[in-house]
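Chain naming follows the written order as A, B, C and D, and within any one chain the residues start at number 1.
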Amino acid sequence: MFALVASVFAQSFLAPIIGRRMPLRAGWILALLPASATAWLVTLATGGLDQPVLRESLPWIPALDVFLSFRLDGLALLFSVLILGIGALVVVYSGGYLKGDPRLGRFLAFMSAFMGSMLGLVLADNVVTLFVFWELTSVTSFLLIGFDHEDARSRRSALQALLVTGGGGLALLAGLLLMASIGGTHELSELLLLGDRFREHPAYTAVLALVLLGAFTKSAQFPFHFWLPNAMDAPTPVSAYLHSATMVKAGVYLVARLHPILGGTEAWIWTLVGFGGATALLGGILAVRQTDLKRILAYTTVAALGQLVLLAGLGTAQALQAFVVTLFAHSLYKGALFMGAGAVDHETGTRELSSLGGLRSLMPITAVAVGLAALSNAGLPPFLGFIGKEELYTGALGSQAYGQGIAGVMVAVNALLLTAAGLVFVKPFFGAQVATPRAPHEAPVSLWLGPALLGALGLAFGVFHGLAGDWFVSPAVSSIVGRPQAVTLHLWKGLDPALLLSAVTVALGVAVFSAWSRVKAGFDRLGTWLRFDSDRGWDRGLVGLVQVAEWQTRAIQGGYLRTYLRTTLAFVTLAVGLTLVFRGGLVAAIPLPDATLAHWILAGLIVAAVATTLLAHTATTAILALGVVGLAIALIFLLFGAPDVAITQLMVETLIVIIVALVLFRLPRLTPFRASLGRERVFNAVVALGFGALITAITLALIALPFDPFLGDEFARLSVPKGHGRNVVNVILVDFRALDTLGEILVVSIAGLGAFSLLRMRRGAR
Amino acid sequence: MIKSLILRAATTVLLGLMVLFSVFILFRGHNEPGGGFIGGLIASTAFALHSLSHGPRAMRRLMWVVPRTTVAAGLGLALVSGLLGFAGGGAFLASLWSPGGSVGSPLFFDIGVYLVVIGSVLTIVQALQEEDE
Amino acid sequence: MTALLVLPIVVPMATAVLTLAVWRHPGVQRWLGVAGSAVHLATAVGLLAQVVTGGILAVQIGNWPAPFGITLVADHLGAAMVLIAAIIGLAVAVYSVGDVDCDRQRHGFYPLYHVLLTGVSGSFLTGDLFNLYVWFEVMLSSSFVLLALGRDRAQIDGAIKYAAINLVSTVTFLIAVGILYGMTGTLNMADLAVRVPQVANAGLLTAVAVLFLVAFGIKAAIFPLFFWLPASYHTPAVSVSALFAGLLTKVGVYALIRTFTLIFTHDVGYTHTLLLYVAAATMVTGVLGAAAHYEVRRILSFHIVSQIGYMVMGLALFTPLALAGSVFYVIHHILVKTNLFLVAGLVARRAGTAEIRDIGGLYRAAPFLAVLFMVPAMSLAGVPPLSGFWAKLILIRAGLEAGVWWIVAVALAVGLLTLFSMSKIWLEAFWKPRPEAAPPLVPTASTPGMVVALYGPVVALAMLTVAIGLWGAPLMELGARAAGELLSRDAYIAAVLGRAP
Amino acid sequence: MEVLLAFVTGLMGAASVYLLLSRHVVRMLLGLILLSNTANLLIFVAGRLTETRPPLVPPGGVLPEVPFANPVPQALILTAIVISFGLLAFALVLVYRGYLELGTVDSDRMRVAEPPLPGQRILPPEVQGEARSGCR
């Protein structure tokens, strides 16, 4: 399996080359791998194994319990067959659809990468690995939806799909990681065995919410359904593959996959049934009011996804059986319908129902293919779609509470789906011919092969439902339930309530369809009224985000240095000051200064000079006053046994005055030297005084502590015998701590050179 | 440039004296207050004052190298005397002394410091002064 | 052996001195610069190899025993940081050959560049708090000049803001060192770790810890101390901002990690909780800042801020996994963010502007460039299987295991907004058709040599990102080891002081 | 004296912050100079003050005469002074260049790197066009 996934990814690197070298055959060539892999999987399925389980595991980041583990069970097998089988057909289809387009190679590369991601997703047996592939499907679908990137709508839709599914993905990640940390393992197959022990964990609800958030965004459940119809801006092969057969099913897959560990609780049932039912109904209603072929199909997909989620939520064996059959049937017919719609679009140049008609005679093969799929979609016997619908009703009726209510809603949904199927099939292919932008011909083989095959399979598996049951449905149901489950499918189960409901569905659907032109207005009103307009909400959300961001930027990154400094210094003062106060660092009492007169005079000198600096009206006065401060400090150094420091301080002060003088010469006094606004001045003073108080408080607390001058004593002891110098300070500088000095002269060098370069590199100067 | 005759005369005399004094301070620094920093600062103050009164051209004539080169030499000297430690004590910046302890790598290190300080300060002063030319 | 610890500092310094000596010959400087970086990288590789096989390495400078002399220490964290810095050093040095104009090269770009690297290496290796201050200053001084070096007015504006705030940070740091010395009598970090618990006034100690937090926090650009970064990083030469983006803030983060694991662990409940709030605020404000901007390097600058939040989050959670996550994150981020700035430079060269709203059409015109942007951009947003995904994964897992739900929620939401921001650049600069009024696109490079210099480092860094994504186990192992050393400090202390604590 | 200096440093710190918060970049620079002086004095106090001999060994001796001043803070301050001297000298030149390029020493008018945001009005530069050096 590792080899399979890897080779599909590898193919995506080859695709651009093949696309450039053999543009006409690229689709066929690249379909070989998925086709043969499908064949292999089908032989596995037909091998009579009740539960073929293969497992492979490679260490990825073992320290994080992340393994590249793959596991092929019934559910994974069904999905893999759909992914690879439909994938192969879609690749062939793409070759025809994008014939002559120079971007074909790139398109096929993205498609292959997506195929690999999707395959990895359903095969993954490690929650992290699963998530990796989950995100990869989001990214590849971003690239595919935005394939026609010069169109602003495509870009918007791509971003929308990316962020909605990506956001849900992040919730999913948290949910999966939480699940793994509760379960003590990241391997899915081990987690699934936890069962009730997990469901009783206090964090169960959190995990459930997070996982479902991921699943619902991906599978376009209400209220996240809005991205899916918009994603139809993608080229049709993408819609057929990602947005009906595979990617949107990822969420449904996840729900089914995690059923053994998460399923069965009240929260599970009502959340899934509630959201699934709402989504199904909403999708159905919104579908029949569309006039664009792809949008009709998109909304019916939303409806079908809702049904699947609902069935997974019901969780009975019967419901899960219905889940698998519906899933299988839907993937077949919806893929076919999309490709058929794409073929129509490709040949006629339009997808608008009103500008299509009578194509039956012009595109007979396409008509047949679409017809087969539409009948399956409509749920008419003997198609697989019919069996799915029967199972759905049986499953719904068989569930404990509100079964009949649920079944009633499903009847409505299915009737709407039937109407939609009628719209897609009857309107374009029957009736009078309508002039279209392009004169239609039968589509080339690459364009009709896929729909025809899928449509035929829908019929074949309906007729030979025993094979479908044994090969695919039983193993898949067994995997979901977590124990072997024998499934037998029937076209005819006698006159049971389900059949009755089917009859009602068909009657209702046909009625709506035949009255479509009259009731559409009603549906439009209903749709507008019903529509939870998350799509417009999306735009508002983005605008709001940018507004908040701009407000924040104005508030804190406004471009004014003084506000930057004020915030910085205020934060420093507050953070340190509050810590000092609340963590008990202050000294209890301020000791009296034990200073001599000389000390007081020096202190007074500093205070006076500082005050002069503050009040100075010219820079020259200020710098001279500051020089006095420096001088007084030098005297303090001298007084307390630091002659080296005192001299250095003195020399530095002198040099600074020289350099400041050199600079100040050249600065005219355009700006008043004492520039500060009234209210701001007060605020600045508060910050300044706070900072000063902090320094004093810290110093007072510090000098109250005992001090161990062992470092200095040791240096003094070693200075002469080891350092060969009698000036301890100098020996520290050039020997004990010479590395500091080395760094320091680097700073001084850089300052000098930097000043030089800065002056030389003036604009206009040479 | 400050055009004061007295200052000019004074700084000319001062320059020589101060440079000599700075070298003295540099070498005595290991035993008495002083050292590379202080020496370097004194010397550069002298040059800076000279340059202020005589102009940067005069200073350039006076110094036979570009101050930038002094910086490079100083840095190089300090680094090399640090690397000498590998030869002697087996560690970076380990001191290496002549028998008797009169000449040692820390002295060269200090000379490096001295040169860097002079070079850097003069680079700045010169660059600022040359703004006028 | 002991030379291995010194060489990552000495080599760039020697390179700086040599390039300084040939000031008048930019051509020679270029070669010296690249060669020096290559040697630097070699020494860094040797150092990390030594640490991985032989454990923590310590050397007493000048043979003066700790805590009296200055000790250089390389544990897994330090050695890994040196290595990643050297990788970035080489990549940007090569890029600069094609990017940095002659004018800048003539005015000391290479000496400054290598002094900066000296400072960065020194900061990662020193075991002495005051020495750390010195290396910070080395870094700071050269970064001032590099930032201002050029003829662009915006540069000077940015440099003034950068200098003002960073000088405040540096004085704060100096004050903090002085006070801590006054409380403990020592400067050696291992010795501090031993002596800090004995300080009588624990409240004052916590206050000093917070003082360090804000001093390093300004360097690391955490909320609300990051203003200098988005104000300046978009102004200098691309090579310079790429180097800054990769290394400078991370030195601040490194210093935070070092001091808040080794020295200030006496009041974790207070200090690290404060760090956690700061981390969350940093992530959110940073990413929102990015949402409000449309100039590539400004967007990326705000993302630096936001990403710093993640690294601090790992430190704040203070579990082995969380710290490993921080280490992983720092390394990933340095690679990716440098690369993004380099790519942004290529984009701006190609399009003639860095305003994404004015670009457009690059996907069609320069698909290879699009791929080169996509890789680090997606990695930054945490899309699997790239380096950023693992980095985020570890931190999120650590947050979940520590039971701090809200920080996980913040981290995830910010991840989504990062994705939004990266796709904004993608949509505007790459996917959107080129605006009618825009001038025609120009080639990024005029000579084959320039192509190699400009694209080579970008491709190499992108490949590293992918490699870590596909094969993250070694880096995770490194992170886990580093975290182990950080949390049980005994090995570090023993290596420095030569005795068990 | 230590207690007295605690208040003096506090005052210096307050004054330097007040200067730093000014719009005038030269005032900010003065604030920085004062702030680093504050830091140096603080380190000096942190190493404890003893009004005694400098840490010098008399000729021929092996140890300084006790009590002697703690040499460690002195070495640190020396390093810090020189470093901050270098940085301040550079900062001064930067301000000068800033004046030449941006035509102002008012930080509120330095808005080239961060142009006005939507909904923000900024002060125009004081000097229109290319600024000139005062002596040229």
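In this section, a residue touches a chain if its C-beta (ideal position, glycine included) is under 8 Å from a C-beta of that chain, and two chains touch if they have at least 3 such contacts.
Since this is a predicted model, take the numbers as computed values, not measurements.
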item	value
Of all other chains, the one whose Cα centre sits farthest from chain A	B
Comparison of A-C and B-C (more C-beta pairs in contact)	A-C
Centre-most chain, if every chain is reduced to its averaged C-alpha atoms	C
Chain B and chain C: spacing of chain centres that average the CA atoms, whole Å	35
Rounded Å distance between chain A and chain C, as computed from the means of their C-alpha atoms	26
Centre distance in Å when chain B and chain D are each reduced to the mean of their C-alpha atoms	24
Whole-Å gap separating chain A and chain B, where each centre is the average of the chain's CA atoms	61
For chain D, residues contacting two or more additional chains	20, 28, 38, 42, 45-48, 54, 56-57, 59, 72, 78-79, 82-83, 86-87, 89-90, 93-97, 101, 107, 110-111, 113-114, 117, 133, 135
Interface hub residues of chain B, defined as touching at least two other chains	31-33, 37, 68, 71, 75, 79, 82, 92-93, 95, 117, 120-121, 124, 127-128, 131
Multi-partner residues of chain C (each touching 2 or more other chains)	13, 16, 20, 61-62, 130, 134, 137, 141, 144-145, 148, 153, 160-161, 164, 168, 175, 179, 182, 187, 230-231, 292
Touch-based graph of the chains, sorted into line, ring, star, complete or other	complete
Partner chain A, residues of chain D touching it in the complex	1-15, 17-24, 26-28, 30, 33-34, 37-38, 40-42, 44-59, 61-64, 68-72, 74-75, 77-79, 81-83, 85-90, 92-97, 99-101, 104-108, 110-111, 113-120, 122, 126-127, 130, 133-135
Touching residues (chain side chain C, partner chain D) in the complex	130, 133-134, 137, 140-141, 144-145, 148, 153-161, 163-164, 167-168, 170-171, 174-175, 177-179, 181-182, 187, 230-232, 234-235, 292
Complex contact set, residues of chain C against chain B	2-3, 6, 10, 13-14, 16-17, 20-21, 23, 59-63
Chain B contact footprint on chain A (complex, rising order)	643-644, 647-648, 651-652, 654-655, 658-659, 662-663, 666, 723-727, 729-731, 733-735, 738-739, 741-742, 745-746, 748-749, 751-753, 755-756, 759-760
Residue ranges of chain C touching chain A (in the complex, touch as defined)	13, 16, 20, 61-62, 64, 67-70, 103-104, 107-108, 111-112, 115, 118-119, 122, 126, 130-131, 134-135, 137-138, 141-142, 144-145, 148-151, 153, 160-161, 164-165, 168, 172, 175, 179, 182-187, 199-211, 213-214, 218, 224-225, 227-228, 230-231, 267, 270, 274, 285, 288-293, 363-364, 367, 378, 383-385, 389-390, 393-394, 396-397, 400-401, 408-409, 412-413, 415-417, 419-420, 423, 427, 430-433, 472-473, 476-477, 480
